[in-house]
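Each of the two complexes below includes chain A, the first together with chain B, the second together with chain C.
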Partner chain A sequence: MSIAIEKVWKSFGGVPAVKGVSLPVPSGELVALLGPSGSGKTTLLRVIAGLERPDSGRVFFDGEEATFRAVRERKVGFVFQHYALFRHLTVFDNIAFGLAVKPRKVRPGKREIAEKVNALLKLIQLEQMADRYPAQLSGGQRQRVALARALAVEPRVLLLDEPFGALDARVRQELRRWLRRLHDDLKITSVFVTHDQEEALEVADRIVVMNEGEIEQEGTPLEVYDHPATPFVFDFLGKVNLFRGRASHGRFPAGEPPVPGLLPSLKLPKLCPASFRDVDIEHQPVDDRAVPAKVSFLLPVGPLVRVELVFDGFDSSLELDLPRDTADRLALRVGDVVFALPKQVESVTGDYQI
Partner chain B sequence: MPFTVLCQATSGCRDTSEPAAVRLLLVAVALGFLALFLFLPLGALFAQAFAKGWDAYLAALGDDETLYALRLTGLIAACCVPANLAFGIAASWAIAKFTFPGRSLLVTLIDLPFSVSPVVSGLIYVLVFGLQGWLGPFLQAHDLKIIFAVPGMVLATVFVTFPFVARELIPLMESQGNDEEEAALTLGAGGLQTYLRVTFPRIKWGIIYGVILCNARAMGEFGAVSVVSGHIRGATNTVPLQVEILYNEYNYTAAFAVASVLALLALVTLAVKSMAQWKIHQLK
Partner chain C sequence: MGVTSGRRSVLPGFGPTLGFTVFYLSLVVLIPLSALFLKSASLTWSELVAAVTSPRVVASYRVTFGCALLAAMVNGVCGVLVAWVLVRYRFPGRKVVDALVDLPFALPTAVAGITLSSIYASNGCLGRHLERWGIEVAFKPLGIMVAMVFIGLPFVVRTVQPVLEDLDQELEEAACCLGAGRFDTFRRVLLPLILPATITGFALAFARAVGEYGSIIFIAGNMPMVSEITPLLIVTKLEQYDYAGATAIATVMLAVSFLLLLSINLLQRWSRRFSS
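Showing the complex of A and B:
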């Protein structure tokens, strides 16, 4: 089922949380609402579910207006951030809940319910846990039960609020891939909220980046990552090294003295802040665009080595993560002079300060 | 090094703990205080009640006026508890789950009976419903008796006991939040189904706890009931009032025998209360 949101506004106590957002979600896609906390992404998700009523604007399901439809009539599966499992019910009864509360006429029989629940238990690999209570499960197990409970009623849309937010890094990785596979199998239109850009980039078909109640950019993970439309998206989607210089006539920074050789070939619009990421480091200037820099800080972080470079003529430093083997090959030491070659340079439009 | 030995013997002992002597002193003070002000009077009460033997105890309880007082107390509690249960659930639900104008005022007003002396709340009813009160002439013209009759005693008791259920449920419901109810709604449950299958099982023990406290207070209320009852023997005497009358008549054995019924009620209340608390803790 496709979803369409049209100019939705929602405020709480006079503070707008969502400001006139319009967004189509094509049928069968897995869409991530990505943004920092307070960006309105959860509110938007709750508006789709019907848990919040928008102040103005409309919500369409399959082209039909659903703005005023009650939650229970929307047939959405909602997975809550803190799972919201029924504490007084077993795993089995939690998953069966949506079937057991159906009106008598359409309610499946006890045997059918049991079959369905057992099939879902198998899907989430918790067949042994049917008689446990939520308090007896780990975080990852609870999350899977919450998902199975939402899927039991065969929703037409699956909505997930920070589905992996409360889990530790390894379980999160695992569940992420599991969710992606599950979506590929079931093809159910899904929207999930996250503040983790890596999660959005890895799992989603499309990413909607939100900030302060508005959509900053919308597109496939590659589009959003490679061509950030606004400074905010650029900043949010990855490690940014933003220089407080301005480019002028294709040279960066503008003004005197220009750093020799830095980005002369770059087609930057007149006077705009610029930044770059993905920087190569070599001991020799391999390219005429390479810039001399001094290593000011080194810190091994797991498989990476964090390197801080300072350039003459810049007031900000450049921080980048090198793979361990690259760093080992270069045998970097604090105080070394190296040559940095930015592989990708972004000009960011708009008034942006960092 | 006797303290070190003691320290090793106790399993919960850590280096950060107070010295054994301090711990011993604190426990002794707490227990001593409890013994002096709680167990001693309770023991004295039962000792007095049984001073003239088991037969005298039963005879005192079997007295017609005393039996009537027991029935009346039961009747008043049977009226008050359901009324305050309904009020408490409605008020706590409204306060915990919605925001509405006057919400904080309602929270404050629920505590009013705690802060007002029961005698004053009794007098308020006399002022409103009494012969000289606002509604007095109207009530007399229609031959309705409220003050110095059972209805007035029920009203006064309802007033005094109405915070109990609500006060118990509000923090419980607030701490539980709305998540599970919302989950039930998205799964297709209706309002009543959500209440019966999700909300009620979670607040059940809170309700039981509130009801038992409310009931204990309703049966034991003295001040407010005393003002509106008029102390008419065999008509408006509840158990606490009966205890006072018997005591004033120097009938100590009977007074303490009747009082022991209230004391037993208190013990049962305590037992149910601690069980409810344990269950609530489990559900949290």
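Showing the complex of A and C:
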């Protein structure tokens, strides 16, 4: 089922949380609402679910207006960050809940319910845990039960609010891939909220980046990552080193890194931030674009070595992760002078505060 | 590390605190109670049986425990309702209502008894109208129940209130998303979660009602076989210097109360079986 949101506003106690957001979600897509806390992403999700009523604006399901439809009539599956499992019910009864509360006329029989719940238990790989209570499960298991519970009623839309936010890194990775595969199998229109850009990039078909109640950018993960539309998206997506300088004719002033491929508008002298996505480091200048820099900090982190470089005349430093073997080959030490060659430089115009 | 050291808790002070607990419980509870048993043991077995099974005494058990049970049930339902309103809704005067709930705790029981009997008496402001419909409250077992409901109310409200406050709103939202209506949400989600606290409140209100004396004797009328409560019977025996007889009845009361509270505790353990 497709979802369309039209100019939705919602404020709490006079403070706007969502400011006139419009967003189409095509049928069968897995969309990530990405943004920092307080960006209005959860509020938007709750508006779709019907758990919040928008101050103005409309919500459409499959082209039909659903703005004032009751929550229980929307047939949405909602997965909460902290699972919201019924702790007085066993895993089995939790999953069966949505079926057991159906009106008598449409309620499936006991055996049918059991078959369905068992199939879902198999899907979430928790067949052994049917008789346990939520308190006896790990976080990852609880979240899988919550998902199965939401799926049991065959929702037309699946909404997930920071579904992996409360889990540790490893479980989170595992569940992410599992969710992606699940979505590929079920093809159910899904919207999930996250503040973790990596999660959004890895799982979603499309990413909607939100900030302060507004949409900053939407597109496929690659589009959003490769062509960030605003400084905010730039800053928020992944490890980005921002350099702020006054660009002139496509170049930063003398002694500063030249910036190839800038937008034409940037040729005018103006303040603009630019970022280095990937930087090669060598001991010798291999290219006339290479910039001398000093190694100010080194820290091995697992298979990577985090290197911090400082440039003369720049207030910000450059932080990058080198593969361990590259770092070993270069035999870097703090205080070394090296040459940094940016492989890709992005620049952003806009009302960027400096 | 000695031979006896088993699993040691990280929290220090188990020995001294357990010692103090046992000492304190002995001093405050066990020693007076054992004195009670000792005193009643001065009767021979047949005397004891005769003292605690005379028709008047048996009738008083029925009145006391029966009314206390009914009153605790009424409080169990109405107390949950009051707690629900206080927690769930914001309305002017909520703080006042909240404070009113504690009043039965603070009021001297005799004052409560006199007040209740004056308004429920056949010339009282409430009793007058009730009598027209043929309902007599004062000086009847119903009056005893009214007094017991009055003094037991805060127990249920105060035990259920914090549990209701702690309930996660997401649980109701989850139930709602799964298609449950308001009634199903209450019956299948909220009620099971507040049930353990309700049972605790019920047990406390019941225990309080069984032991209540001050307020009841004013409103009960104290007619033997009809509206005479066991505590009053004990006092009557004491006034007649029948100490052994009084303690014998007290022992029975104690044993029955203990058994009832124990079974309520078991019931409660069952009701919270899910929290391991």
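Going forward, the second predicted complex is superposed on the first by the 333 of 354 C-alpha atoms of A that agree within 3 Å, B and C clash if a C-alpha of one lies under 4 Å from a C-alpha of the other, contacts with A are read in each partner's own complex, and residues count from 1 in each chain.
Please note the rule applied: contacts are C-beta pairs under 8 Å (C-beta built on N, C-alpha and C of every residue); 3 or more make two chains touch, one makes a residue touch a chain.
What you are looking at is a predicted structure, and each value in this text was computed from that prediction instead of being measured.
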Quick one: on chain A, after the overlay, do chain B and chain C clash, or do they fit? Just give me the call.
-> clash
Which superposed partner A:F78 touches (first chain B, second chain C, both, neither) | both
Is A:F86 touching the first partner chain B, the second partner chain C, both, or neither of them?
-> both
Have a look and say if chain B or chain C is in touch with more residues of chain A.
-> C
Once the structures are superposed on A, label A:Q136 by its partner contacts, choosing first (chain B), second (chain C), both or neither.
-> second
Name the contact category of A:F60: first (chain B only), second (chain C only), both, or neither.
-> neither
Common interface residues of chain A with chain B and chain C?
-> 49, 51, 71-72, 75-78, 80, 82, 84-88, 97-98, 101-102, 149-150, 152-153
In the complex formed with chain A, which residues of chain B make contact?
-> 179-180, 182-190, 193, 197-198, 201-202, 283
Any idea which chain C residues touch chain A in the complex?
-> 168, 170-171, 173-181, 184, 188-189, 192-193, 274-276
Per the touch rule above, chain A residues touching chain C in the complex are 49, 51, 71-72, 75-78, 80, 82, 84-89, 97-98, 100-102, 133-136, 149-150, 152-153
Could you pull out which chain A residues touch chain B in their complex?
-> 49, 51, 71-72, 75-78, 80, 82, 84-88, 97-98, 101-102, 149-150, 152-153
